[in-house]
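Look for chain A in each of the two complexes below; its partner is chain B in the first and chain C in the second.
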Partner chain A sequence: MQANSANMDFLVGSMEILQGMPAIPSLSVFSDLAVNFLEDLSRELINDKNARAYSDVISFAYWIRRASLEKAKTMMTDGRCRIGRGVALHIAPSNVPVNFAVTMTYSLLSGNCTVIRVSSKPFEQIAIICRALNKLLSGAFSSLIPYVCVVRYEHSDEITAELSAMCDVRVVWGGNRTIAQIRKASLPPRAIELTFSDRHSIAIINSDEYLKRDPEKTAKDFYTDTYYTDQNACSSPRLVVWTGSCVSEARERFWSYLDRLVKQDYNLRPIQSVDKLLSLCLLSASGQSARLVSSDNYVVRVEVDHLSPELMNYKDSGGYFFEYTAKDINEIVPVLTKSCQTITVLGIPYKDVTDVVVNNGTKGVDRIVPMGMAMGIEYIWDGFDMISSMSRIVYFPQ
Partner chain B sequence: MIDDFNSIPPYSLAKAEKEAMLLKEIKERIAFHRENCKEYNNILNTLNYSNENCTQLSQVPFLPVRIFKEMSLKSIPDEQVFKIMTSSGTTTQVASKIYLNKQNALLQQKILLHLLGDFVGKKRMPMLVIDTKEIIKNRKLFTSRGATVMGLEFAARNMVFALDENMRLDADVVSDFLDKYGQNDFLIFGLTFMVWKHLYDAIEERNLSFDLSNGYLLTGGGWKKLVEQAVSSEEFKQRGKKLCNLNRYVDHYGMAEQSGSIFPECPCGHLHASIYSDVITRRFEDFSPCEIGEPGIIQVISVVPHSYPGNSLLTEDMGVILGEDDCPCGRKGKYIKILGRIKSAEIRGCSDTYASKFS
Partner chain C sequence: MTNLEKYNKAFTDTFEITEDQLDGLKYQDIDAWDSVGHMSLIAALEDTFDIMMDTDDIIDLNSYEKGKEILGKDDYGVSL
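Up next, the complex of A and B:
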């Protein structure tokens, strides 16, 4: 680390710590040190008055509770010897403030020295979490000091190259363009890379099952999956597929409950209305037969008669949904392309969906979760078991 | 027929009469584009639009103006393309592409002159352009900045470019121009920020002395850059008066996607819709039309586009309709005020804005 390193800001750690990382011993997977540290971090955040305003910080804090970590640990206790790969460099996305802490959690539990480049946007969530990290490191957890650096730098190919040259694992969030840019920096021969590219997600609702549920609760769940992050997370559904025998009744109820919630809670901005109209025009101009079935800009619904792989090129955010009624669940196969990530289901057995994936050998679908859980934080993401991927196995015959 | 419009003074029709004439003409355009532009027809099908059910201008479907940046839309065969006009692209990276045939290009110029004539008189005047000759050199692919200049070439006797190829004010050229023409009415044309930077700044810095009191300063566009420097329209006029005795200003609102049917500013400071165009402000919640005095997203309607389906566009500007048919200046039609651009949104989610820094 020489050139440009003066342009790096350390939110946690220091240049000296960063430079020392390659010589630091790896930790074993789910080491007591890491687990205890995260447990205290959880407590620290839950008790932090400033954190209360940020539900994403609180969700993260709950995710790293001891009980939750212990549960995750059992998944990894298969008698194999697992240890960190070494130095893990993480490029966090700019628009999901807490993601940096999630990727740090994977990395520390995997046993790695962890360097995270966070967004240059001054999110309060980042400040709150870094404050808690610094407090713990300067107190009871001084032995973890060599393992954590959180840095901020204006984009610089040189710094990215220097950091990449010293890492054993590189984890890139933030979508296709970021990945393309970061990949210009080469990795050492043994280093591995996990990339999280642009994805799209869909929801499938069985109309008969839906009508048995509390419509208000379902609307809230769907809102959490979509509007809560401007419907712009990878896992936010952009297409709603209806199945079952009461589709028109279910649709009417579903959207009218959602509409009420959105008008009450969502801060729609004028540019989003224009963007949604543009997306609709571009979709129709492409020749896809589509019908606009909504009458205002809060919940824009576009009904399509068939599903094509291109449909998702015309997706939008902020409350813009394609809608399709399927007689057979296999009709969704065309949209299960490589970029399809999460399928959110209501009243559809997981097995029905995995059958579609396996029987058709689709390139997409990494995750099936109940409606309301699209934003959940899990140890398996985008098809990767995060802890396995960031650690290595010391093999011996069992 | 568009010729019916050309024979009428451009600000002479009151609401009912204007709407009837405009609606009929717009529906003809829509029918033509629908037949000749497949993509446009697809869009209208999705919007479930039919001419038969359209009984007022507010029901005319609108395309978001940004669509011309995203795709090519034209209603003429390739071999009829006479020129492709691009938006200036000064503040955005991607430029709109507007396909014009010869007739449409001529019509734009004709209408521009018809409208400006109402503000500066019909006689041809010499024109000083606060820009460089370079902007009109490449005629096949040129910008609206160049296009406006070209359009005015008709109106002008002896068009003179005041800036050299390095965008520096050539004081000798300006002095010669004023010696020759400064005793009578003449035109000055430039984008607001170009006038501010390359005329006003140069006069001040180099201590030049010009008397532009017989000039009409035509400006249009380029306010965004001045707004960034917190320069108001009043300040702009005061500085011009102080530095070079400029008293007559005709700003306008307009866009490359609807060249020709501009909205010039009258001495009351109001931007006027002519018989060739109309303006509707819309609520972002559901795109319903706003009341007079209620700010909304500006939709512009124009009879000018013939070779591409740009007759009704939803802009990304916010504005307010101040009144209709009752401006103290005597011009009929709606008059408006522009409030600025719609703010781009800080969107949450995984896909990155960090990436945009790379480009």
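Up next, the complex of A and C:
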């Protein structure tokens, strides 16, 4: 089957380019062509005055700068022969504007022809990045033209089926409803699929270590992990677990510094306050013992005296945190369900957390990062090595 | 262009300021040098001098003068 629907808008590329993709040779992993293209894209965006107002665009540009790509390439060089799988179809999410460019980066570095369906929301970030892509493709990088299409179409099972029928890799950035919808379209026999479903994340803080740190910087880091995305990102902590011997002193300081920052910088909408209240009522009605320990709507904290797998069914965003004090780090195991993605740590060695995961065989936890880095962009996401997953290995005995 | 001129240009282009503002300039002294501006500055310096900076140095580079000291280290060998 060929893609032939007329109802697709091309932000980058054209129908002709899209239809030609199955016949285009794959590139090797970290090909000079893709790497040079991304380096120039980085430069283009950093020098674009319109991009400066968008920290997510600049963070993306910073991530694909030459030094960063060189480092990533070294990590991937293991003597194996790796090449793109063919055509990769990406369904980008509607909540994180720059995600489409991140998934494009994985895909091009893996050596694939890349088709990305972006959200129909008219994000300025998408316009800025597509403008830079078009400028490079129409200039020095015309040889990459057959490899990139960015499309927009209203939800259409027909178009999704056409695109799916021609792809070798399908990458679906959640949520769960989108994944279920896209999965109705079948894939060719050899095609593989990566899905990024709804997840939740938690933070663990060692109180003794916290008290040795600059409380203002920690508040900023935690704010970046949470409020910066309205606490809506999969990697934003919803639960804060305290350990160590000075929990009450640390908690008081931590939340008071955060409170100050939130009241100064965060634009709390009335609907968020209502939602938070509703979530608290639903949690209480569920029979779990929970205590509201905050006094206003900006930073809502709900203390619980035990952790259960169901607790996260009552999570919320916009500054709504469960809080738990643990005597032993293994007490967190019940919330490390399949949906648990990132554990943000402060003063907790990574090994302590991986020990909990490995010793208990938990189905969740794909990532452990320092506080402040929850929103970081990495080559390993949701447990997938993105470049390995989107490419194939041409095996030979070594 | 001398290395110093290139170094100054990375700052003045990135932050859209003039050379007379450079002496004593520190991180967060001006709106343009916030955490986002810092990423642009690092990218500009790496590009200008064809170097790859260590994460620790990227964090330590918190003033115009400190940047000169860091780039002058043997790792980068940019004499300013």
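Heads up, the rule we're going with is that the second predicted complex is superposed on the first by the 394 of 398 C-alpha atoms of A that agree within 3 Å, B and C clash if a C-alpha of one lies under 4 Å from a C-alpha of the other, contacts with A are read in each partner's own complex, and residues count from 1 in each chain.
What we mean here is this: a contact is a pair of C-beta atoms (placed from the backbone, for glycine too) under 8 Å apart; a residue touches a chain by one contact, two chains touch by 3 or more.
These numbers come from a predicted model, not from an experiment.
Legend: residue contacts after superposition of the two complexes on their common chain; A:Arg52 is shown touching chain C, with no touch to chain B. In the superposed model, A:Arg66 lies in contact with chain C only, and not with chain B. Using the contact criterion defined above for the overlaid structures, shared-chain residue A:Asn232 touches chain B, although it does not reach chain C.
Of the two partner chains, chain B is the only one that A:Asp198 touches; chain C does not reach it.
When the two complexes are overlaid, the chain among chain B and chain C that reaches more residues of chain A is B.
Contacts of A:Ala285 after superposition on the shared chain: chain B is touched, whereas chain C is not.
Touching of chain A by both chain B and chain C, each in its own complex, is seen for no residue at all.
On the chain B side of its complex with chain A, the touching residues are 38-40, 42-43, 45-48, 63-64, 66-67, 70-71, 73, 284-287, 297, 314, 316, 318, 342-345, 347-359. Within the complex, the chain A residues that touch chain B are 93-96, 99, 119-120, 154-155, 173-178, 181, 196, 198-199, 229-234, 236, 268-274, 277-278, 280-287, 289-292, 295-298, 302, 317-318. Looking at the complex, you find that chain C touches chain A at residues 35-37, 39-40, 42-44, 46-47, 51-53. Residues 42-43, 46, 52, 55, 58-59, 61-62, 65-67, 70-71 of chain A are the ones touching chain C in the complex.
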